[in-house]
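In the two assemblies presented below, chain A is common to both, partnered first by chain B and then by chain C.
On to the complex of A and B.
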């Protein structure tokens, strides 16, 4: 509205990732599991992160909390507000975890310590990060966060094995919001739950996210879930950010063939026919193809794709992707239209 | 629920004891063609130089009556069970007329003393050591101790005992060669005598501690390594917990569970565990008693000790069973 607004999209981002790289030095050579990933996340924004298994989603999540273990190495910068995480000393990064960046773990079923009561597992986060908090307040906060995730306060007295999968996931969410961090990374928070519970858990995450104005990074494979839940969507392939942009725009006008194929692999009620997948598998990070990593599976690959690594290009204000097709007349949309015109049943290709 | 669980466990304990007693009863009687009384009397009379066999059959008959062997088997069995229930394990054959239970109660404190001490010490040392070896943030130097621990745990403790005796008792004369206390002193509860007891207990305890610490350490190390791959370990780190908290509250706490089971089992064998060590060191415990009984074919004492071992193992496991839910909440009293 006015010139006082600091950046193009409004308030300053709560999370800014710049050229984040994760390298593993193995006997077989260097392996880059996360390759120059950069993005920003505004306060209260929901960012989706999708990609196949092994595409580097969880590695990136761990790198954001600086939890990559040797022989892995992190490079690049991660800002939460004004705090830069990758250069912090060990004590500082420890106190940043859960306080600045919260995490809802991938395996909630086994993420809780089996021999300790729920109360103690929530309390230890509070006690470590807020040592001055009196016991009575810790107790009150535990009841409060349990209520926030729609669990009875008595759940605090139970052991993890006495809870259902959905309840365990809710406890993990309660722990993640207990200190009201600015960002929460939810790494496939619903992968082990059935659809009903999945929906309820996502509703809870969404409600808390709105109430507390926490930015959320939701990691997953489920494009349908993403379409419903996130404001912006990013697609990872072989450790690189293939495309990032507003969810609606990405679904309507994908500019990377991989994004397009992920979207068209979604079954829809309207279009019945043979289910269409993406042929091939993610390349091994130890033997990546030259040029664009996706070219071996890309139906639109051109000669230039094997020679030059595509640079990231902006499409509008908040939409970026790295594909050579962006420089071709008509872009990806043109190719798709041309293909649809020549082969009427291209959508029915099926698995190959 | 809890009461019925305890009742069930008590019943099981008695069933175990009954079965052990029955096996004890049946086993020697399966050895047909051998008559321990006849064999013994003939051996005794031969040793005495008596060439005549006059009266031997009468003597045998007399002893058979005394041991109750003239009764029909079912009656013998019932009498035997009743006696066992009253902890009357009969009279020793080689130390006649001492009772077996008397011999056991004489030997028991010796064994319990050194074995309890060595077991607890080696368990504590080994567990702490194993936990630290497996911890990535612990000093690297510790990992060099693994081969040493392995070596010690591979050497049986009675051989380790012989080596210790040779160097520290025979060559250096730092410690006594054997026995539970100096010959010529009378056991009492005086401080001076206690000091002598401890002095005599050092080598046998040391041989057991050296031999078993490695095993405990390796077991703990294995569990710690496994547990570090668990999701809750990663999550604990994501929670921003300090290292010490993750180490004790998460890693050690969970890795301890199988260790505790192991400790329970080895406490059950407490009475039997020191057998050969006691023989090597001439220590007046259950092991020496059993070794002595075996070498003298003292059937009643052998069976008495074996039965006693089974009962003590059963009792210890019973107690551990009741305590286990306290350390692992996933184990409950309910079925």
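On to the complex of A and C.
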């Protein structure tokens, strides 16, 4: 069960993912929703995972907890600390879920059982994992986790319909951290909430991350939220990791055109009417283009992109991406600068 | 008067419970004029429960106001005759939040386009109908050959939402009520959908009421903005002045809470004060009082009127007391000059 942790500087990673693949075998053929994803996450680190719908980010999150159901199949290895999740038997993985790796689901509105009080829903996760826990202690722990997510203890007696969207999301966070896992995966935890509630919920997640030293994987498609919350950011496209690196560096010097386009697709308070989406849609995983998967939507595509799949290349420490432009002089930064100089408003427009 | 639709001192009150009814004031003394001669895009922003969707439903005639009246072409909505109501149904079109729920999964997507053509008699034969459908789809940036004949589950959320925009376009409406049209779509695709709504406004002279909780897209798309909180107008005016120099503490909090895609900007400098439920829920005091960092004693006694804090900006806050006061029903005067 235990694998040798490679010697490296700093604390040992709390989550280690090696060549994770998820394949679905369908009537129309094999479909790879997650393609050789590898990364590490240090204790108490915040990692963002962005991509459009269908890019495989939620699939990857489920695969980390080994919750892919047939006809899906997981390959590769996932370690939490020294425990290898991918080699555990069914009983061991059931006890590892929520204890080692917790999850805040995407739709808090439908994640809670509407006919059961909040108290019972939190007690459920405690009692399944620690059946010997006395009732008094269960009660104390429920009050404790509710307090940790800034809810009053009386909330335990309520039903989900009596709570607001932000409160329901907090209950889901309370359930996720009830067993003090080392990692929590938050899958678009605030996508249905408005900006002020979003900020409060993210503040709570951030505070728990600091106080309990839990590593957080935040999944979403909002680059704004990522810029404000995570230390490291990974970008997924068509099941592959397009780029991963420190958030500040990715925003200042993206090395994959998709990262650059995701950032510039968001409106800012600059010139009114200047922001533009990414044209085209994500390719179907059943009919992926040859070479680089992003070339059909990439404004900088070159002949080589349709022939050779780009390999991952390191850019300094802890920053890697897979794009052929990295081998061209000036790279992506040079291309963006050249484009801006020649036709200043080429990619602008929109609402002017 | 050339108002297409006018809300005059409208309130909508919901009651729930039988013996001790819980009263919710979804919209409180709200007035708005949608001009026919000068098409505009008006953004209505606010958090959940601010009454923005109630406002949309009132404008579309789905619900009737508890107090006050809605006028369509100068005529009270309650008194519309059959043909007038039919005309109203064509003039005011809706785009809803959920691009998944808007379709019947058993029909191809053609269905949402053929029904309005048939009901409103927009085409005399099949060829003409097909022509019109293709034309509308092309205008929102879709290729008809890729769309027609498909089932909803075969298309992406962004494509489905653009078909709904195309459907609204077919009817040549005068007003489109877009209730959170992009909140369920990927951030990278929002711009394309907003662009098609904007094109509709620009090319066909359609007014748009853009209901959203996203101030950033509201800033880029609209001409004027109304900020709602618990059913009352907090601030309104020309969009750039409201967003760049917000006056009302609530608007400032909203803008401060936007996560900007820029690592150098700090998120959330203003503290969020939790609602302890002590704000007055009637129209007597300011509804934001319990969360306001600048709260004064008089805020809880009597709600502030609108103060014209700028040439094209009005704020319902005593911090703007030195500016001339406006009646609640005079909001459109600030908006109209935008």
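Note that the second predicted complex is superposed on the first by the 334 of 352 C-alpha atoms of A that agree within 3 Å, B and C clash if a C-alpha of one lies under 4 Å from a C-alpha of the other, contacts with A are read in each partner's own complex, and residues count from 1 in each chain.
Criterion: a residue touches a chain if its C-beta (ideal position, glycine included) is under 8 Å from a C-beta of that chain, and two chains touch if they have at least 3 such contacts.
Since we're looking at a predicted model, the values are computed, not measured.
Chemist: Should chain B and chain C be called a clash or a fit once both complexes are overlaid on chain A?
Modeler: Fit: chain B and chain C sit side by side once superposed on chain A.
Chemist: Which holds for A:161: it touches chain B only (first), chain C only (second), both, or neither?
Modeler: After superposition on chain A, A:161 lies in contact with chain B alone.
Chemist: In the superposed arrangement, does A:247 touch chain B (first), chain C (second), both or neither?
Modeler: Touch status of A:247: second partner only.
Chemist: According to the stated criteria, A:96 is in contact with first (chain B), second (chain C), both, or neither; which is it?
Modeler: Only chain B is touched by A:96; chain C is not.
Chemist: Using centres of C-alpha atoms, tell me the angle at chain A that chain B and chain C span after the overlay, to the nearest 10°.
Modeler: Taking the centre of chain A as apex, the angle works out to 70 degrees.
Chemist: Where does A:112 make contact in the superposed view: on chain B (first), on chain C (second), on both, or on neither?
Modeler: first
Chemist: By the touch definition at the top of the document, which applies to A:129: first (chain B), second (chain C), both, or neither?
Modeler: In the superposition, A:129 contacts chain B only.
Chemist: After superposing on the shared chain, does chain C or chain B touch more chain A residues?
Modeler: C
Chemist: A:79 in the overlay: touching chain B, chain C, both, or neither? Say first, second, both or neither.
Modeler: neither
Chemist: Between chain B and chain C, report the minimum C-alpha distance in the superposition, expressed in whole angstrom.
Modeler: Here the least C-alpha separation of chain B and chain C stands at 5 Å.
Chemist: Of all the chain A residues, which ones make contact with chain B and with chain C?
Modeler: none
Chemist: Under the stated contact criterion, what part of chain B meets chain A in this complex?
Modeler: Within the complex, chain B contacts chain A at residues 230-232, 234-242, 245, 249-250, 253-254, 257, 327-330.
Chemist: Which stretch or stretches of chain A touch chain B in the complex?
Modeler: The touching residues are 65, 67, 94-99, 103, 105-107, 109-117, 124-125, 128-129, 159, 161, 172, 175.
Chemist: If you look only at chain A, which of its residues touch chain C in the complex?
Modeler: Of all residues in chain A, those touching chain C are 52-54, 164-165, 193-200, 203, 221-229, 247-248, 251-252, 261-263, 265-269, 272-279, 281-282, 350-351.
Chemist: What does chain C use to touch chain A in their complex?
Modeler: On the chain C side, the touching residues are 47-48, 156-159, 186-192, 194-195, 198, 213-217, 219-221, 240, 243-244, 253-254, 257-263, 265, 267-268, 272.
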